[in-house]
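A, B, C and D label the chains in the order they appear, each numbered from 1.
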Amino acid sequence: MPSSLAHLATILVSCPDRPGLVAALAQLLYGHGANIIDSDQHTDTLEGKFFQRIRCDLVHLHTDRTSLERGLREVAERFAMDLQVRYASHRKRVAIFVSRYDHCLYDLLLRHRSGELECEIAIVVSNHTELEPVARQFGIAFHHVPVAPESRHTAEARQVELLAEHAVDLVVLARYMQILSPAFTERYVARIINIHHSFLPAFAGGRPYHQASQRGVKLIGATAHYATPDLDDGPIIEQGVVACSHRDSVDDLVRKGRDLERVVLARAVRWHLDDRILVYSNKTVVFA
Amino acid sequence: MPSSLAHLATILVSCPDRPGLVAALAQLLYGHGANIIDSDQHTDTLEGKFFQRIRCDLVHLHTDRTSLERGLREVAERFAMDLQVRYASHRKRVAIFVSRYDHCLYDLLLRHRSGELECEIAIVVSNHTELEPVARQFGIAFHHVPVAPESRHTAEARQVELLAEHAVDLVVLARYMQILSPAFTERYVARIINIHHSFLPAFAGGRPYHQASQRGVKLIGATAHYATPDLDDGPIIEQGVVACSHRDSVDDLVRKGRDLERVVLARAVRWHLDDRILVYSNKTVVFA
Amino acid sequence: MPSSLAHLATILVSCPDRPGLVAALAQLLYGHGANIIDSDQHTDTLEGKFFQRIRCDLVHLHTDRTSLERGLREVAERFAMDLQVRYASHRKRVAIFVSRYDHCLYDLLLRHRSGELECEIAIVVSNHTELEPVARQFGIAFHHVPVAPESRHTAEARQVELLAEHAVDLVVLARYMQILSPAFTERYVARIINIHHSFLPAFAGGRPYHQASQRGVKLIGATAHYATPDLDDGPIIEQGVVACSHRDSVDDLVRKGRDLERVVLARAVRWHLDDRILVYSNKTVVFA
Amino acid sequence: MPSSLAHLATILVSCPDRPGLVAALAQLLYGHGANIIDSDQHTDTLEGKFFQRIRCDLVHLHTDRTSLERGLREVAERFAMDLQVRYASHRKRVAIFVSRYDHCLYDLLLRHRSGELECEIAIVVSNHTELEPVARQFGIAFHHVPVAPESRHTAEARQVELLAEHAVDLVVLARYMQILSPAFTERYVARIINIHHSFLPAFAGGRPYHQASQRGVKLIGATAHYATPDLDDGPIIEQGVVACSHRDSVDDLVRKGRDLERVVLARAVRWHLDDRILVYSNKTVVFA
């Protein structure tokens, strides 16, 4: 991490909309010597909800983090805010779940290596062993957790154990081809990002490229979303599409989709790592 | 029409794939003095079907159109081809159906005036009267055919009459907000183009922008398709999308969608007028 | 204007970056009862410059606009801010300059009529008479100001007169094919928006579609920018591109470009009208 | 190679346009038992030039390749065609030139491994040693050819030697940061593909992302082109763009550009390998 990042903090706020919110936070931060370097806000006027992301530099803090957090909690209580503070000095720890496809895994590892993703990639977990060499090449621990219909429960228990052991903050399903149980997704709310290879809600479920070919669409898509107990129905973070035509066989769609999947997934992961995403009403606010 | 276009003919072919198809047609055309100026073909290897579009210039025809067509019919029979010949000298006659939204209507009329659409716009038909002045401005006959639940049958009878009277080749539903009966759509197979304001098959049915807002998608779309008895399920001709975010209210989606709808619809209409579209298995081959 | 808009004000700020800016403004606005409904900011860390756009609702103002503006001026002086306040109750007055192409003119008039553009379109000015009927149709005054090489000076004098007479805030060059003098562009700094039919800085100058065809590019573009004395070199507001290929003649590029030009121009005009654009170092900050 | 590909041949034709071209080739191929499975053609009416790409299946050839080629040569002479035949059974041999950036190299190697690129990657050549481990990982021979101002001539001699030794058909400059001499580019006309990190002809030359940032453009681009003696001025094969804004630092542009570069380069390489590109008048016809 560049030293310039070490003193950054990000504050994420959601609450009922009312006057004075912005001023109260700005004033408090100023009082503590925290300099706002970026701020973005949104009001959902229909639902009367307010959202804000504030990035501030704490290098000239007059007080300390404890005192700052106490102040923030007071403001939060006054305005019924759901308020979170995240420090850049804590790099999030990521687990990547994969099966046999390697394109998303390579993509994330290469982006990480080139400095695009501010995180530690703690572990790669797979129900197969094919991608172990890829993880090893990049110096990442690989864990094989086989999953069979009758052993799903045991497998998830082992996965949960691994996530705890490695203090994982975020799970990225990089074309992981197993369905996660509600118990699992509920344990990591808004902390599991999945890439679905269609423009959801079109072609939810299995074999979306086959579905797309069958229906004769002229664009195929990919969708990154937080995993929830309802399969393919979680809050959408990012989507992309690419043109296709009658000339594209299912294999061509798969090939075109690979490019899309990795770009869409990487963007979602990056935004999550930068604390740019707030979830409400099964939707996302992305302060991109 | 520029005189250079007056001698053009377009031949559309679909048939079971087998060797010799391309040579047989090329040879026949050459023999008659028809010069191939553009040719595009496609083989659906899964279904074993062959498709071709040949554009040729008949200005130096040694024989005549009757003789050429007889020759083409012989080739067609030999190869079990479904073969159609369309002459540019017959400009297609178009009816535009509208309700109250004017953006697609204006768009088509302006494109027509600027020479983008090779056709005659014969009539504008509407279940309302608001857009009559727009049609008049462009010198197009306007027909008000009111539609009420109990009068739908009568209304369609009147529409069919109008289409026959004006020798209409193509009906464009330019945000026409009434559902057409199966009897109507079956009468004009692959000759009614509808614009649906979503990325089908996502958000079929009513109020797609509301559905999109509700689901929190990050792209909205528009789809031009041939109308069939199954609502929103006809062969897709063209699709487009535009990015949206949490900042976009339903009104914003409607506004962004307007730009998309007119571009996507215009493209589909243009391809149809240029005889670039073949339909099979509820899909389209578009030789764009 | 919906009554909900009548009480909105937009504050645009640029100044050297330093701590306390955000808090000072937020606190002042809160003190006056102005509710911040949207706020966006940007720091150019290289140049050490800070930019902010604040949209606030004045309906519950405790004081009055005079008092609020006095307060804002005090803050502005303290922080060496360039600060402007714009009230939504003052709808900007727009002049559209055209020559013979009608697509951008129609597009702006239709968007205005559908409520997309919050402004009064005061006049249409042209060096030709062809588009007079279009302006008339939409009930807009049309002024013919012929321009010949020897009369350019007189023509501009007449244009300036018209702009003054109609209290015009913004001039939109909607494919106006005359070059404006430095004197003219300097009189309306950041208040003349031009659409150039290429992806600037590629193909500046005349006949960009011919240049693009000649060079064999695979994308063509359009650029909306503020006009400056340096032709085609003003601050860029928005750009778009569309794919092209060897199949596209110059006429095809012109046709594809038309769609692009109107969308790109409309977006730039809309952002300007919404006070979303700040100019510095011959670049723009667009709080879109 | 799937056995289905082993019998494919691609015929590329360019010649002055005249009647009978298409029929002559179709007839000849049919006569030899070569089945046309795909055909695309283009006429540049301004220059009076005709281009065609024919893909045919030779599995049921009545004669043999020698006899077929003799027939093709006769047709070619009759119509003054520049005609080339390429057999899929000869997989093209590719050399990838790199310096220190790894993203394009990884991308090509991964696509090759996943079967997207029909070729042999014969060697990786670099003026640095950093990327040797990447080449090794994928089992590709790596050659370090240092280049210093005074040794450029020697370095190129060594490169030419390597290309000859490995029977290389195509050189891909995957962010290779050295300028090639005219002698080198003229030796491999239309067989060296370069990726330039801008939307050419904008920002030719060095440091295009810095130039783009300086000019304040709202889109950045990448261009794949054949290398010619005129730097950054060769025939363009493919271009792409991605949106950017005032928020993007040069580093952000570099990051966004990486995604673009690899997609645009890969597409160009794929088309070249599939014999889809014809060059004329410093432009390309891409039968994509």
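FYI, a residue touches a chain if its C-beta (ideal position, glycine included) is under 8 Å from a C-beta of that chain, and two chains touch if they have at least 3 such contacts.
Since we're looking at a predicted model, the values are computed, not measured.
Participant: Taking C-D as the reference interface, identify its repeat among B-C, A-D or A-B, namely the pair sharing over half of the contact pairs by residue number.
Facilitator: So the equivalent interface, with over half the same contact pairs, is A-B.
Participant: Report the chain whose mean Cα position is at the greatest distance from that of chain B.
Facilitator: The most distant chain relative to chain B turns out to be A.
Participant: Whole-Å distance, chain B centre to chain D centre, using C-alpha means?
Facilitator: Computed value for the inter-centroid distance: 37 Å.
Participant: Just curious, how far off is chain B from chain A if you go by their C-alpha centres, in Å?
Facilitator: Distance between chain centres: 42 Å.
Participant: Send over the residues of chain B in touch with two or more other chains.
Facilitator: As it turns out, chain B has residues touching two or more other chains at 42.
Participant: List the residues on chain C that touch chain B in their complex, please.
Facilitator: 102-103, 106, 110, 114, 116, 137, 255, 258-259, 263
Participant: Which part of chain C faces chain A closely enough to touch in the complex?
Facilitator: For chain C paired with chain A, touching residues are 19-20, 22-24, 26-27, 29-30, 33, 35-43, 60.
Participant: Which residues of chain A touch chain B in the complex?
Facilitator: Residue list for chain A touching chain B: 42, 44-46, 199-203, 215-219, 221, 235-241, 245-247, 249, 281-286, 288.
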